[in-house]
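Below is one structure, written out as structure tokens, with a few remarks after it.
Chain naming follows the written order as A, B, C and D, and within any one chain the residues start at number 1.
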Amino acid sequence: MTHLIIFLLFGALCVAGAVNLLVQRHPINSALSLVVVMGSLAVEYLLLGAEFVAAVQVIVYAGAIMVLFVFVIMLLNAGEEERTKGSRVAMLFGIPGMLVGSVLVGWLLIERTGNQTVSAGALPGAPRTIGWLLFHNFLLPFEVTSILVLIAIMGAVVLASHPDSDQGKKES
Amino acid sequence: MTPDLHLWLIPVLPLVGAAVNGLFGKKFPRQAVAGVALLFSGAAFALALLVASRFSSLTTPHVEVLATWIRAGKFQADFSFFLDQLSLVMLLVVTGVGFLIHIYSVGYMWEEGGFYRFFSYLNLFMFFMLTLVLASNYLLMFIGWEGVGLASYLLIGFWFTKDSAAAAGKKAFIVNRIGDFGFLIALFLLIKHFGTLNFDQVFQGIAPMGAETGGAGLLTAVGVLLMVGAAGKSAQIPLYVWLPDAMEGPTPVSALIHAATMVTAGVYMVARSHVIFERAPMAMTVVAIVGTLTALFAATIGITQTDIKKVLAYSTVSQLGYMFIACGVGAFSAAIFHLMTHAFFKGLLFLAAGSVIHAVGGEQDMRQMGGLRTKIPWTFWTMTIATFAIAGIPPFAGFFSKDEILWRAYQASWVYWFIGLFTAFVTSFYMFRLWFMTFFGEYRGAAESSHHEVDELGHADMRVGVPAPHGHGHGGIHESPRLMVVPLVVLAVLSFIGGWIGVPGALGGSNRFEKFLGPVFHATAAGAEGHRGTITEGEGEGPESQAGHATELIFTGISVFAGLLGFLLAWQLYYRNPLLPQQIAAGLGGLYQAVLHKYYIDELYAALFVKPLIAGSALILWHGIDQDVIDAALDNSAHGAREVSDSVRHMQSGNLRSYAGWVAAGAAVVIAYMIWMGTR
Amino acid sequence: MNLTTFIVVSVIKTVLALFVLLTAVAYTVWLERKVVGHIQNRWGPTRVGPFGLLQPLADGVKFLFKEDLTPPHVYKPLYIAAPMIAVVFALTSIAVIPIGNSVTIGNLVIPLQITDVNIGLLIILGVTSLGVYGVALAGWSSNSKYSLLGGLRASAQMISYEISLGLSLVGVLMLTGSFSLRDIVNAQSGTFWGFIPRWNIFHGGQFIAFFIYLTAAYAETNRIPFDLPEAETELVAGYHTEYSAMKFAMFFMAEYANMITVAAVASLLFLGGWHGPVFGPPLMRALLPVFWFVLRIFGFLFVYIWVRGTLPRFRYDQLMAFGWKFLLPLAMANLVITALVVALRA
Amino acid sequence: MVPISYYLVLSGILFACGVTGFLIKRNIISIFMSIELMLNGVNLSFVAFAAQWHALSGQIFVFFVMVVAAAEAAVGLAIIIAVYRTRETLNVDQVDLLKL
């Protein structure tokens, strides 16, 4: 019961944040609402027993990635986005599309998965077990992703390094 | 078991020579080029002699398989070589005469441009000709067949800067294609019915079959088609037209390819497939008739020609006609016999003619010659021998072979014989005409010193500036260098005594040549016993009746008389009173004109085939199909593509969100599909 | 215990903890002023109460009654939200920090900790990492270049040093394979060879980790020598230049609360938490560990202030270079070494 | 006790919101955040499925998604900065030179 209540509470928070992300016209508000979404998602993870995932969700997503977003928004001092014709058209098609799509998918999911239920902490993803899996069954993907991250760092450095430092590159 | 003679070496050696000269000859000095060419052709000749020496120890036919070439289902064709008496004779003729002509060419072509090219082609020709001769199946033979066609094309068009030469080359090639077409169809028929092209298998397949008297059948069809091919290669009616033009090529080429060897390939092919012909009387008749007509026809044209090489060319055609008569009446060994002797004396004639042209600095018109007897004695005497030989004056080589043919022809039908006889008379007439016009009387040519300029061969442009090793450069009619004389002499000797190996029984000889070839034409002829008396009688070395001998002697006398008659006539017209011919020509008028213009055959062909073909190609193929269908299709598709992309291009607005929209739409479609699938 | 008692106890504990923490914050301020004053050869606050002990109270009252002015052109919602975010996240982390073993009242065993989750450390990390938002948003929303620069610096600096911070803790986590702070502390009970306390700092070369953690923590809390975000001499007051009255007080509280949290975590992870000589009657036995623990925290705070009084400020590029080029590699090296040690011992 | 399908529906809604945001937002950064939103929705579904099938692999997947998302964020934001440097705008409708 409490489980359901908490779920609905934070689910509602999620949806609210997501919708807010859409309707807000200032990127920083969108960013903050996204942070809200992520925080409440972390709670949902906790409900599902994925405690480690929840923690990482908060630390990595909310604590690092979104901070990066906010940082960039501050750096570029992005202002409100102005309405354009294209945007109205997008609204015209996007909003109903989203509604129809989500309703359809939701109905389908309910249809398919039937009424199988999970109790709170159904599948405890303790850090120990997660780590064990990560370093036994998923070692190769893990290493590959590490390489991916390395490449990403390099790319970011090259891209964001100041123009006059890589003038030649721009000419070429 | 029979020893391995490495027959494959014989064709391959000239190929190596061709490759060496063709690839590196440009850098070589002339001596090196000549050395390479002579070395390899000579080596081939030596090998041929070796084979001949060991031939007696072989069980014929002797087949050597080098490698499997094609294996498709049951059909199989190998690179395999086939040696029996027939191919041995051809082998010796080709390599021997070829080698001599190589030697001769060194002298003749010495100061021509493209020296290495010439010898590369020449060796290439040797390779293909030997392949043709030694092939053990029709397919390999066909390769050689096409190959010699190619070589002849290249050599006719050797002076390709000269339009007439290039045109002549093309003409030869195209006309040959027509013949090859027939040949190919014949091959297909053989494959269809016998599933193989190997000679022995095909012939074994045919052996049990009886003669197709009366109604035509498979064999008749094959025979006739083969004859078409032979007509193309051996310049028979109606496909002879390319040979006279082929004289555009250098004289040694004319001698080797268009007199001695290649043009006889058709005869060889017919003789090789005699098994087929013996069982197809109708095809035989066709062969005989074609041969007869050609012989007469070409000979008559020969009378009026004034270009020395043209005369020889037409005489070649008519001599080939003789050979086909022989084949047509089933006297294959006689045909081969004449082929051999003809190779000798006609090669000699051409070489001598070449020597003459060489001497007078490229002049080919007999009316510009005369009185060369004393100036170039060697050439004169060798040419004399050759002339007598072709005129059928005993005891020269030509006498025996031609006489043999006439005798057999008579045994088949007196018509063949009579026409052959008349042709013999005409032959000796125009040959002596040539002889008299060239060597007797006064020199009618231009100022001797200036024959460089009147270089009719028209290849002054290609002449390399090297000082001629012999006195060609500084005026004066002169004997050819020793390099050219030696082959003349050798051939002269051959064309003198060449016929003695086949002295017919009637003249107290025992026709060893026919005996030698016997196995080839007997072994299988037995199957067709009696469907045609002449063959058995001719092939059968059995005792000929005394009556036969008597009559044969009479006929011999008649033919000799015909030859002498021709000589006398020529003597009258062209030695005693040279003005007479013009009057006669004037008297004859139209007929003379017709003959002079070769009966307008070329014009006829042009009107009948060439022009319609060109017109049709231009109208239907070029404008119709190529432009309106193919090109149109391409253009329209291109235009369509442009139209479509012009309209579609606007989708790519560069607006990120429009792209995103497309992606989303696609995803929506996919999801919808999956839902639909899932709900079903 | 049943649900109601649980809730009651939890509420009581929360309120108590909050009260203690805020008081501690207030008196940390007092302590700082006093100590710095003495370091600078001054007296520090003396007027209000004995040794100025009531100074914090006075400050609080002052903050409460000051005019709360909002400069024009600020982005209001965030301008108001930022200090709250900061202080909330600063105070939240206290929830998972144990301050001692459990006390037994009647038949009721109450752990001296608001809640013991088995990923407590992660929660602390997450919460502190969220604390960045307060600073950053404050800097951005107050629409002034000083604040913006301060906010930018703060966020960049905090993100950068958070990595070293986390990595320095991983060593300890490997030694005591658990995220639960209580487990970690319990793992440190006992001694090596009888006389060296079995603290992580003496354990598998975690001294380096301790050093790294302390440094990174100073940067995280924007304390000297890493207080670039509020560098008075260049940015006036950094991200809270435009703030005044209670909002400013909130930032102030947040900073000191963070200091306390850091000190607590340090002492829990490296200095054996509340372990120490325990003797006397039961109640005293129950409370001595708390005393030891508070003592450690006090020590850390004192070091904080001491450092502030002594060290000069870094330059910003120096700060970044130090963080990325020295601390991070060092932390990684420590990580590898510790991993080797653990692996060898296993 | 909550039906799995609820979680899935929630994730679906989040994803749909992300898609819509991607479509209707003009600011590059907002669009980027919409992508993050989609990723989060997917993550939730992963965890839910993991709970449904009792397979921790689902949660592992979430980690990989997070790592990739982090890398993507780093590069993407760097790109955004570069774009802003050159084009002086963050409005994607004005960054439309990538066409014929």
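Points worth noting:
Keep in mind that, in the parts below, a contact is a pair of C-beta atoms (placed from the backbone, for glycine too) under 8 Å apart; a residue touches a chain by one contact, two chains touch by 3 or more.
Nothing here was measured: the structure is a model prediction, and the numbers come from that model.
Chain D has the Cα centre that lies closest to the mean of all protein Cα atoms in view. Chain B and chain C have Cα centroids lying 110 Å from one another. Measuring from the averaged C-alpha position of chain A to that of chain B gives a distance of 88 Å.
Centre-to-centre separation between chain A and chain C, using Cα means, comes to 29 Å.
For this pair, chain B with chain D, the centres built from the Cα atoms lie 83 Å apart. Chain contacts: chain A has residues 52, 56, 64, 68, 73, 75, 86, 90, 93, 97, 101, 105, 112 touching two or more partner chains. The multi-chain contact residues of chain D, meaning those touching 2 or more other chains, are 19, 23-26, 93. Listed for chain B are residues 655, 657, 661, 664, each touching two or more other chains. All chain pairs in contact, by the document's touch criterion: A-B, A-C, A-D, B-D. Note for the complex: chain B touches chain A at residues 655, 657-658, 661, 664, 668, 671, 675, 678. Here chain D touches chain B in the complex through residues 19, 22-26, 31, 92-93, 95-100, going by the rule given at the top. Of all the residues in chain A, the ones that touch chain B in their complex are 86, 90, 93, 97, 101, 104-105, 108, 112.
If you check the complex, the residues on chain B that touch chain D are 649, 652-657, 660-661, 664. By the touch criterion stated above, chain D contacts chain A in their complex at residues 1-10, 12-21, 23-27, 29-30, 32-34, 36-37, 40, 43-44, 47-48, 50-52, 54, 56-57, 59-60, 62-64, 66-75, 77-82, 84-85, 90-91, 93.
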